[in-house]
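If you scroll down you'll find the structure; I have some questions about it.
We just call them A, B, C and D in the order they show up, numbering each chain from 1.
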Amino acid sequence: MVSITTDPIDMNAAYRYVSTDSAGAITFFFGTVRDSTNERAVERLEYEAYDRMALTKMQEIAAEACRRWDVRKYTIIHRKGNLAIGDIAVLIAVATPHRADAFDACRYLIDTLKQQVPIWKKEIFEDGQVWVDAHP
Amino acid sequence: MVSITTDPIDMNAAYRYVSTDSAGAITFFFGTVRDSTNERAVERLEYEAYDRMALTKMQEIAAEACRRWDVRKYTIIHRKGNLAIGDIAVLIAVATPHRADAFDACRYLIDTLKQQVPIWKKEIFEDGQVWVDAHP
Amino acid sequence: MSNRISVQLFGITREIVGSSALTLDLPQPGQVGELLNNLKEHYPALNGLRSLLVAVNGEYAEADQPIHPNDEIALIPPVSGG
Amino acid sequence: MSNRISVQLFGITREIVGSSALTLDLPQPGQVGELLNNLKEHYPALNGLRSLLVAVNGEYAEADQPIHPNDEIALIPPVSGG
């Protein structure tokens, strides 16, 4: 299950969704809004998504993870809109019978999401704003 | 923070404990009770701990993880007593500024816990019981 | 004969162009590369990006991919989700 | 002269011995290796374990480590937490 939402991400709902009797391992990765970038204080973040394509890409990378590892259940939830320090921007949850697969699949999903999924974030500082990674 | 408890593990309390403004990544590893081992149906598990030494060892491996990676907050919570299918036996949570450290530290903690921490589990099947990994 | 296409814009490309979508005429049959050249000419700030891709109907497209009327076109500046 | 020590037992060692603790006399100064030999002689099923360690005061101990009165001693069969 993949989704993009403007609401706060509910980790309890994600856990209920991925937990399954055949799983012995569940990994969660939370991407959260950090208070600084390169020692510059961040005030908040704005996330923007090309929803249609982002959902398609998230489903593609999830399907690839299911081919590579024994994933029984997964969810990828990405938030968009204005986020404050400490907010959860993304939650990836993976349930597998054994733990190596849960770690490998979860890490693959977040690494590949960051490379391929059309979602953008802007860091807002006290004295300016920067679209992250936009420039060389 | 490390603990051993007979109560159900509270993931929300763990999240509140590890979340911190300097963290951009939080990983959770849940070890859960799987419904089968080598295709044999498991009815439930019993966990037993040498509490004093288990807590000391958990603190030692956590201290080692903090030396190796930039861990800002962590918690290791292990449950003991009778656990049913789907119950959470262990939750490890790690908060770091960047995600590679969160994955590496979390995986180190669960791998090392399983090697060094004096906690034992017995699988109860319909027709017998086995202390896991006790025999060659 | 030309092909009027609409391009969706996100993130920094939306700010460079000053709009979340723009319409332009592309010689038919147009290709993704021509579209990119056309846009970079009109909006030179696009050349300063680390990368700039085009998605056609929700999939990343190569420069020689043709663009048809009614295709859903989007500019994809460097992504930074997560 | 002997040294009366108490040994805590967990998991399968508790079931083999039939008790969560046992007391035995060890020649003084006793060592971890002597304790293990003594226990394996009295409870031969302990020889069937994949490993059997001794913890002294909450730390894994080598065979030549001395055992003192009032040390907290525990048998550690193969662990399986998580």
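As a convention for this text, contacts are C-beta pairs under 8 Å (C-beta built on N, C-alpha and C of every residue); 3 or more make two chains touch, one makes a residue touch a chain.
Which protein is which chain? UniProt says A, B = Molybdopterin synthase catalytic subunit; C, D = Molybdopterin synthase sulfur carrier subunit.
Since the structure is predicted, the reported quantities are computational estimates derived from the model, not experimental observations.
Asker: What is the chain whose Cα centroid lies farthest from the Cα centroid of chain B?
Answerer: Greatest centre separation from chain B goes to chain C.
Asker: Which whole number of Å gives the spacing of the CA centres of chain B and chain D?
Answerer: Measuring from centre to centre gives 26 Å for this pair.
Asker: Just curious, how far off is chain D from chain C if you go by their C-alpha centres, in Å?
Answerer: Averaging C-alpha atoms per chain gives centres 73 Å apart.
Asker: Report the inter-centroid distance (CA atoms only) between chain A and chain D in whole Å.
Answerer: Distance between chain centres: 48 Å.
Asker: By residue number and range, which residues of chain D touch two or more other chains?
Answerer: In chain D, no residue touches at least two other chains, as defined above.
Asker: Which chain A residues reach two or more other chains?
Answerer: Those would be 31, 110.
Asker: Could you list each pair of chains that touch, in label order?
Answerer: Once each pair is checked, the touching ones are A-B, A-C, B-D.
Asker: Residue numbers of chain C touching chain A in their complex, please.
Answerer: 8, 10-12, 14-15, 48-50, 55, 58-59, 72, 74, 76-82
Asker: Provide the residue numbers of chain A that touch chain B in the complex, in ascending order.
Answerer: 11-12, 15, 19, 21-36, 85-86, 97, 99, 102-103, 106-107, 110
Asker: Inside the complex, what are the residues of chain B that reach chain D?
Answerer: On the chain B side, the touching residues are 31, 47-50, 52-54, 56, 78, 89-90, 110, 113-122, 131-136.
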